[in-house]
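What follows is a pair of complexes built around chain A, which joins chain B in one and chain C in the other.
And now, the complex of A and B:
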């Protein structure tokens, strides 16, 4: 591995976060676009961790509180995310239930766990599977926004199904919380600097 | 460039970003604590079935305001009913009292109306009717059907018991002089006391009509009676004919009583006739035992005190009392027959209350010491119906109140007809004991001998001889007629006899004065001179 070319950091060059221009690390403003420049994202691990914890805290009530109220002929019925999935299965719409389950339950929780793992592994400067972790991060970042599917379903239903006394659907507090979870995990992923995964490898290399 | 290196080195300070999770945590904690602090009570309601109950869906409503949500429905431990766990709103706490009622509201088609149509679309809910008890409760027994009266309606709730089959059932009307004043709310049968229990409600202004002396009676359906005057048909209103009903009033001759407390118990009589026959509410049981026959003493026979009816005979306790009598050592000697009687103070112009009952009991207790005794008398000589008379017999042997089974006994005495009857019986017994059969046999024998005498030849000739004798006698008498010689001779003989007797008389006179005259001749009689005799 020693034949690898020297990295930008090694050469005291930092990339601009916005326009990706390489500039000397001691220059604190991008000479091209003028945004702030750091060698690595500022407080990346702390920020990611704090936001992940926030998302976790929001994720609990998001699952416990009803995401949607169906007011049909005067009898209001509240449904939580999992309740909705169970309801859909009982109604025979297993594919829809599966989609909602994957994007509303599996993906957010998997993403949270993956991010925690990445933060933890970077913090202890783990040398294992750097490439796989990098892939994990990429998948996480990509798939995270799909969690908003549930929110879209609710918002579209709320907007469309307003049939007066016959059938009305109203959003529940969990919709807001769930949107918060998705947004905050996205920000957390954004704040995570994937380059940190590789940083100590180069130190190891240089040590070699 | 040491300064440049210092700039890029990782900072160890705590980032301001931690404020975000902290805020989320604080908000979350606040929500949790707030929820926990303002949590409503959790209650359990037992129902017979889970009809219409759905977990997380069925609501509890009071005046159509949501008061809670059923969050669990499960079978009870005995598997003979269901228990609905309900999460109540904090606001509902003061409504959850011991006698708060819960019932499932579903569409119901009754005789007079249809209710709960809205639940067809929205599903059933549980209605709550707050009670009036002061103690709070968390477990309840659900009602089968909604209470017919709102829990806080003004009026008077009463209890009624009945020991006869009647057509009165829950929902029936309570009338007063034909006007609807209330309704029967519930009807339950208690197999323990074998009575039908009713709960009735009298609406507000009319509950003042109820006093301690009113009687309730059944006016359901049509009552037909026949009598000397023909058929008699009695009915209440159309509603009571179809669905049954109850009416009440103070029976004839009974004073208005005191106001009654709620949940007082009244007896439901079969008919107004039954009320008139038995218009009093309080009474006490006594047992009177008779060693002579109780034939003619039937249940319902009067118990009188010096001719005033004070109660009734309930029944003869022969069967129930057998064990007791054997214990008492009467076995084998003809046990006395115990008769259960019911004495009502109301019949003695006392108020129909528990207090007068104690007065009566005390009077009887004291009275027995002074000779109060019960006796059986014949009320009707033709039918032989008997009644029981209670009176004072100061000459009676001393006796005390006893007990028989759970009743107090009044000592008895045999009087009047019963005594007379016994005497007559003993006379008849004596007559029975006479050797009539033997006598008759002897007589028969004598008659046979007599017959043989009569049949005798000489006996048959006797009349002829007698005839002859009479004829001869007649001839003799004829010869003695006044003109016959014999008669004349007899006449002259009698004359000379008379003369002789006259002489004899003077002789006896002389002899009595001077007995010696027979021997010595008597001196000529000298007229008595008083002076001489005075010497």
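And now, the complex of A and C:
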């Protein structure tokens, strides 16, 4: 007998993305929960790529425009995402600067790059490091929401720091753009079907 | 068939019948998580969810953070935080933040409590399917733990400019976040749907 792994697709079964029910691949509605069923997510690569490009386009102004304005005794000061990190280092709180740097600068850009790499590698049916790529995808999916930290920080500061003429903080347009980047990359990750990484494995094995 | 799962990240068929209370199963090929089994899911979820909802009620009733400098004071509750963005002409961000930190977690937790209560009754109820769908769709979009970290970062940022006092609501919200995380990790997608199907087949 062959030692080919038995996948659901090979056994002509589709798994419901909502309730994990296995049903014959030609059934279009899940017999258990009624969700729409398909063997693989529809147009997974195109949708993921489209959302990734949208996120990239938003990411540029999100970093260039100010995320908040600090108004202290009549003098207003605008700060961008990177500006906030530099400010925190100057204030002497390097650990917090590191947190913001990791979540608002490193995570979003690393996530975009990782997703582009995954889409590209699936597109050319790459056979290498399938397990590592699966792990990469799971990490990307997991860290996505942590980039919202900076938006929440701005939310708290804007609400709390309202001391009249003494000290006020106002939100900048980058808050909206950056919230868009984070939400759209989360949707992009959700649209990517990681089973595609493994799909061409069986054919290769049987060809050998 | 019955106790087979197709791995969500690589499509391998795995038999998970041998998973026992307290154990979790992951895919032998790609390492992806498959299922976790608890014999007392209903009790766990009901306990964590009702505790969490009570903490959330506390968290939204009292002062969350307050700030003072040279005699001028400012005080916010949990709900005022996203509302401030709204009043500054950013209703989209305000709505998004309110959804991620309050509305979605609270809805998911309520639905989880009702779902587990109904399953615990041991009878099939037509509400089970929509409730379970809502829970598993929504839980991905809750960001309670992210918000806790954000509060800490914000505190460090302001501490240099003014005096901050952490209100009782913050601690209640932190407790809510812990309860939420525990409740979500106690309810397994596969096990929950298997039980709904078993109830329907009765």
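Criterion: the second predicted complex is superposed on the first by the 201 of 208 C-alpha atoms of A that agree within 3 Å, B and C clash if a C-alpha of one lies under 4 Å from a C-alpha of the other, contacts with A are read in each partner's own complex, and residues count from 1 in each chain.
In this text, a residue touches a chain if its C-beta (ideal position, glycine included) is under 8 Å from a C-beta of that chain, and two chains touch if they have at least 3 such contacts.
The shown structure was predicted, so the numbers you read here are calculated from the model rather than taken from an experiment.
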{"item": "Room on chain A for both chain B and chain C (clash or fit)", "value": "fit"}
{"item": "Per-residue contact with chain A, leading partner among chain C and chain B", "value": "C"}
{"item": "Which superposed partner A:99 touches (first chain B, second chain C, both, neither)", "value": "second"}
{"item": "Contacts of A:126 with chain B and chain C, given as first, second, both or neither", "value": "neither"}
{"item": "Partner chain in contact with A:194 - chain B first, chain C second, else both or neither", "value": "second"}
{"item": "First (chain B), second (chain C), both or neither touched by A:77", "value": "first"}
{"item": "Partner chain in contact with A:109 - chain B first, chain C second, else both or neither", "value": "neither"}
{"item": "Which of chain B and chain C A:58 touches, first, second, both or neither", "value": "first"}
{"item": "Nearest-approach distance, in Å, of chain C Cα atoms to those of chain B in the combined model", "value": "15"}
{"item": "Where chain A meets both chain C and chain B, residue numbers", "value": "none"}
{"item": "Sites on chain C touched by chain A in the complex", "value": "1, 4-6, 8-13, 29-32, 65-67, 69-70, 72-74, 76, 80-85, 88, 90, 92-94, 96-97, 100-101, 129, 132-133, 136-137, 140-141, 143, 146-147, 149-154, 156-158, 160-162, 164, 189-190, 193, 196-197"}
{"item": "Sites on chain A touched by chain C in the complex", "value": "5-9, 11, 13, 15, 17-22, 32-35, 72, 84, 88, 91, 93, 96, 99-100, 130-131, 134-135, 137-138, 145-146, 148-153, 155-164, 166-167, 170-171, 175-176, 179, 183, 186, 190, 194-195, 197-199"}
{"item": "Footprint of chain A on chain B - complex, ascending", "value": "1, 4, 7-8, 11, 14-15, 17-18, 20-21, 23-25, 28, 31, 57, 118, 121-123"}
{"item": "Complex contact set, residues of chain A against chain B", "value": "25-26, 39, 43, 46-47, 50-51, 53-54, 57-58, 60-61, 73-75, 77, 184"}
